[in-house]
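Some structures are shown below for you to check.
Two complexes are shown next, each including chain A; its partner changes from chain B in the first to chain C in the second.
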Partner chain A sequence: MRLWLPPVLLAVLLCGLSAGMPALEPLFHWVQPDKQQVIYERESFLFLLQNHLLLVLISAAVGTLVAVAGGIFATRPSGRDFLPLVSQVASIGQTFPPVAVLALAVPVLGFGEAPILVALMLYGLLPILRNTLAGLEGISPAVKEAARGMGMSPLQVLVRAELPLAGRVILAGIRTSVTINIATAAIGSTIGARTLGDPVIAGLVNGNTAYVLQGAILIGLLALATDSLFEALERTWDRRFSPQVAV
Partner chain B sequence: MIELKHVTRRFGPTVAVDNINLTIETGEVCVLVGSSGCGKSTTLRMINRLLPHSEGEILVDGEDITTMNAEQLRLNMGYVIQGTGLFPHWTVARNIAMVPQLLKWPRDRIDARVHELMTLLDLDPATHANKYPQQLSGGQAQRVGVARALAADPNILLMDEPFGALDAITRENLQLEMLRIQKQVRKTTVFVTHDIDEALKLATRIAVMDQGRIIQHDTPENILRRPASEFVENLVGKQDRGLKLMSLRPVRQLMQAHPAPKRPEPGAEGLKEEDNLRLALSVMLWQGAEQVPVFNARGEETGVITRERLIQEGA
Partner chain C sequence: MSVSRSESSQLMPNRVIPALGLLALALVWLLDVGTIQPNRIVPGTGHGLVSAVGWGGAALVTSTLAGSILLAFLNLRGRYLIQLALLGLSLALLPLLLDVFASRHLPEDSPFARSSIGAGFWCLLFFLFLMLIETLGRLGSRRGLELLLVVVIGGSWLIFLQSEGLESLSLVREFNARPAKFEQAFWTHLALAFGAVAISAVLAFGLALKMMRSPGWQRPILGLVSFLQTIPSLAVFGLLIAPLSALVAAFPVLETLGIRGIGWTPALLALVAYSLLPMVRNTFVALTEVPENLADAGRGMGMNERQLFFKLKLPLALPVIIEGVRITTIQAIGLTAVAALIGAGGFGSFIFQGLGQAAMDLVLLGALPTIALALLADAVFTMLAASLKPTPATA
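Right, the complex of A and B next:
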């Protein structure tokens, strides 16, 4: 149970801070003494947090599905030919800046949540894809050979051996992807998506450091909470599927 | 029974297995022996359809394997490989239970079978059943590999250099274990190795392979006495043949039996009936003795073996 304590504490802190930000007004006055208004009030922090989280969750879910499916396909005998292509795309895609994806998506999808969702999906897909490939390729050929030779069907080999053995690496890929996307989602505020990036952008435009701080702190806390959640998940996975590490 | 008829396997332009004919009788151990790349592993992997054959027919108990479901075919063939291929995320017991689980045996039958096999392979169920493969020594892991292959009591056992990665002492132990288990379960076994001594020790018949062809398929004794070509002669070791022949025959065959078993003198050292003649010679050379007593399994002296008889008739 101690495993789950840090993510729960961080989540409580995050929600508490989102709801109770006005209580910290004196502190932000001290940071930004020349402004009348130091607490961002155009939108409630809780709403922004919820929207931010929703964007990340949807993109992570779609990204995971597509990337894991793609990784599995590229490592099957029928998809082997695509393996070099897929793994190159996974590597090159990482170097493509998310802002560029946004700039390209806006003319097609317009302003709002849609273009940032597309950018997050594409961008979040890549670390998961790369790790799925690494995880599946990293399994000892002897294990797969024995499994096939003992009479397992390809699907049984995948479900009973390959995915449990590659799962830890895939999970690490999802962790990287989600953490990056929590930061990237904030950029969505520049094209009209409602995220925790809103106070940051507003603060930058108005020269109000207090706004910037409020947005940045919440984004940082969200990233920390999510990361510690994945830490707990990975530990749980280890206990379940690679007990030799935990023993 | 496994029959290979005019079987050929090509990888692109190269011919890995070239038109071979091989019949493996039920209950015999056929050892495919040859140097790396001679096609012995390819031949083995064609029998369970891990590799499709390019030409010819492979029949298992008279049925063409290409007409069977590949998974069904393999479920009835135990498969042991050099790297063991045990699932690292499963316990020893679960690894052994793999095929019975695929066959959907009831839980208590699986448990009983796992227990029985671990005992057969000299693994203590109490200490090893819940260990993971990484916690085992190489020899123990390969015992688990063999137990897993035997789990659903298949008719056929395919073994691809199973003891190749083990140290000499462990390998020797497992070979003896193999012989003991084979006596009990009588599986039709195809065993691949590059070690001619291992082949001579385990085989009912040996198929010597070179460049995708079977050069000679015969009993170990005939391979040693009448090698079909210079290649086979070199493989078995031309000048080493005498001793190798001796190691094929047990002491029992050449000893002068006493009329009745008698109690051994206290502290007497000797041979067991199933020890081979080569060992007998070695003991004589070491002890400088003209004759050595032979004991049966109960420790009674059943006869003696003399140096004269050994030299005259040993090989």
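Right, the complex of A and C next:
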């Protein structure tokens, strides 16, 4: 269970700091002595954290569903024609800077939460798609042949052999996607989403370093907590599946 | 060779291009091709395909796409080459649609009126590019052909953008309002991104060498650089402001060097920190994965360790190191845009200025060059890595 200790500790620290930021007022007064107000109060940090998490969770869920479905389609006999294009698009798409994608969403969809969600979904599904393709294509044909030889239907081969074998690589793709999206959602507060980026932007605009610090620390903690959660998930996955895979 | 395989696949009907072509047809007819705005901020009125470019233009667009779809079913030997010519020409001449649109709809007497590109046009552009990528993929990689396409399409777009017809295009208007600022943003962006890449390349090389000499350092160094990569960019930029301001307050001499809590200093520091992970990882992997039997062969030829490193390991590792530089450069170009938030300048300043003023074309003026720069860096380093790949003298 030592595996799950870092994510739990970081999550507790994150929630504790979000709830108890006002208690640190003296500290921030020391950082920013020339300002009356040193604790960001336009929204509660807990609300911003919740909103930030919600954006990332929804985009990760939708992105995973679409990307895995797309990856499965492009590796079946009926969709194989699309494989070269899909993998090209997945790799060219990742060349686009996330900020630029976020900025392009505004002229098309307007300000607010919706354009950010769409941008996060579209951009976030690329690494998952790429890893799904890599995972499914990386399975040796002999394994699939053996599964078919055991009398499995194509669907059974997919669900019971291919997806478990490719799962670890797909999980790594989701991790990359979520890491990028946490950072991009933070920048999203420049286009009207209420995320933990808000205090940073407000602080930069008003020259209040204390606000900037509060936002930056919480964003950093959120990223670290999520990353350590994925670390634990990947290790658990390895333990559960690797012995069988090695055979 | 792969000739026989590509010939046989050439004669099978292609299903991808028709699918893309039909989608493009549907979207270009359903969505607005362009909008006319009375001035910079007021939202404009949209025009569909027929209204924008007339029945003639609509027929031309439709027949081009239909021709491309039909071509995919034809049992013709050179059909992918014809397809490539058709798509390349359409892409090169695409700005003509905007030109016609502006000349048909722009009111003569209002100098502030401007035309904007609509979703239908963007979709047409996007799907034509996808069809082009698919066609290129079916033809097999041919560097010369790709280069020719880039020159023809890019050159044609540049000529169109400088012509009279597109002068009313809002994007062009935004550019014409601030050519000096645009040039300055361009150089700032390049200097920050490439400066960070250069510094991190030197640092990463040193770190990779250290990791090779003393394996005990591998875990801590890799752990530290991946920790840096995990922290979101906005947080890193924010966290650097306070310590840097304190440092400058303590040592005023730094301020005379141009070092401040905001601006290029925290931007460059953060960019270097971000660039370390891909750079260190690729350099280390590249240098350690030189096959041992090659090193042995080198030793057998009487090379000492120093010669072994410079004459054998480094040349063999170079393509993978360049791949690291490619990833790092693309990432740095994107992050430099974010650095505009802390006053570092570059194309990001147009993006955030435009978002602040709700002037969407200013946002585009920042976002499109950033994307173009990233794509260009990607292409250049991919080609460089491919050309440096050592070819075995005896196959």
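Details
In this section, the second predicted complex is superposed on the first by the 243 of 247 C-alpha atoms of A that agree within 3 Å, B and C clash if a C-alpha of one lies under 4 Å from a C-alpha of the other, contacts with A are read in each partner's own complex, and residues count from 1 in each chain.
We take it that contacts are C-beta pairs under 8 Å (C-beta built on N, C-alpha and C of every residue); 3 or more make two chains touch, one makes a residue touch a chain.
Quick caveat: nothing in here was measured; it's all calculated off a predicted structure.
Of the two partner chains, neither chain B nor chain C is touched by A:114. By the touch criterion stated above, A:152 is placed in contact with chain B alone, chain C being left untouched. Touching more residues of chain A than its counterpart among chain B and chain C is C. Legend: residue contacts after superposition of the two complexes on their common chain; A:66 is shown touching neither chain B nor chain C.
By the touch criterion stated above, A:232 is placed in contact with neither chain B nor chain C. Residue overlap on chain A between its contacts with chain B in one complex and with chain C in the other: absent. Chain B contributes residues 48, 50, 71-79, 81-89, 98-99, 102, 132, 134-135, 145, 148-149, 158 to its touches with chain A in the complex. Residue ranges of chain A in contact with chain C, taken from their complex: 31, 81-82, 84-85, 88-89, 92, 95-100, 103-104, 106-108, 111, 179, 182-183, 186-187, 190-191, 197, 200-201, 203-204, 209, 212-213, 215-217, 219-220, 223-224, 227. On chain C, the positions that touch chain A within their shared complex are 14-16, 19, 119, 122, 130, 133-134, 137-138, 230-239, 241-242, 245, 261-262, 330, 333-335, 337-338, 341-342, 348, 351-352, 354-355, 358, 360-361, 363-364, 366-368, 370-371, 374-375, 378. Considering their complex, residues 140, 142-153, 156, 160-161, 164-165, 241-244, 247 of chain A touch chain B.
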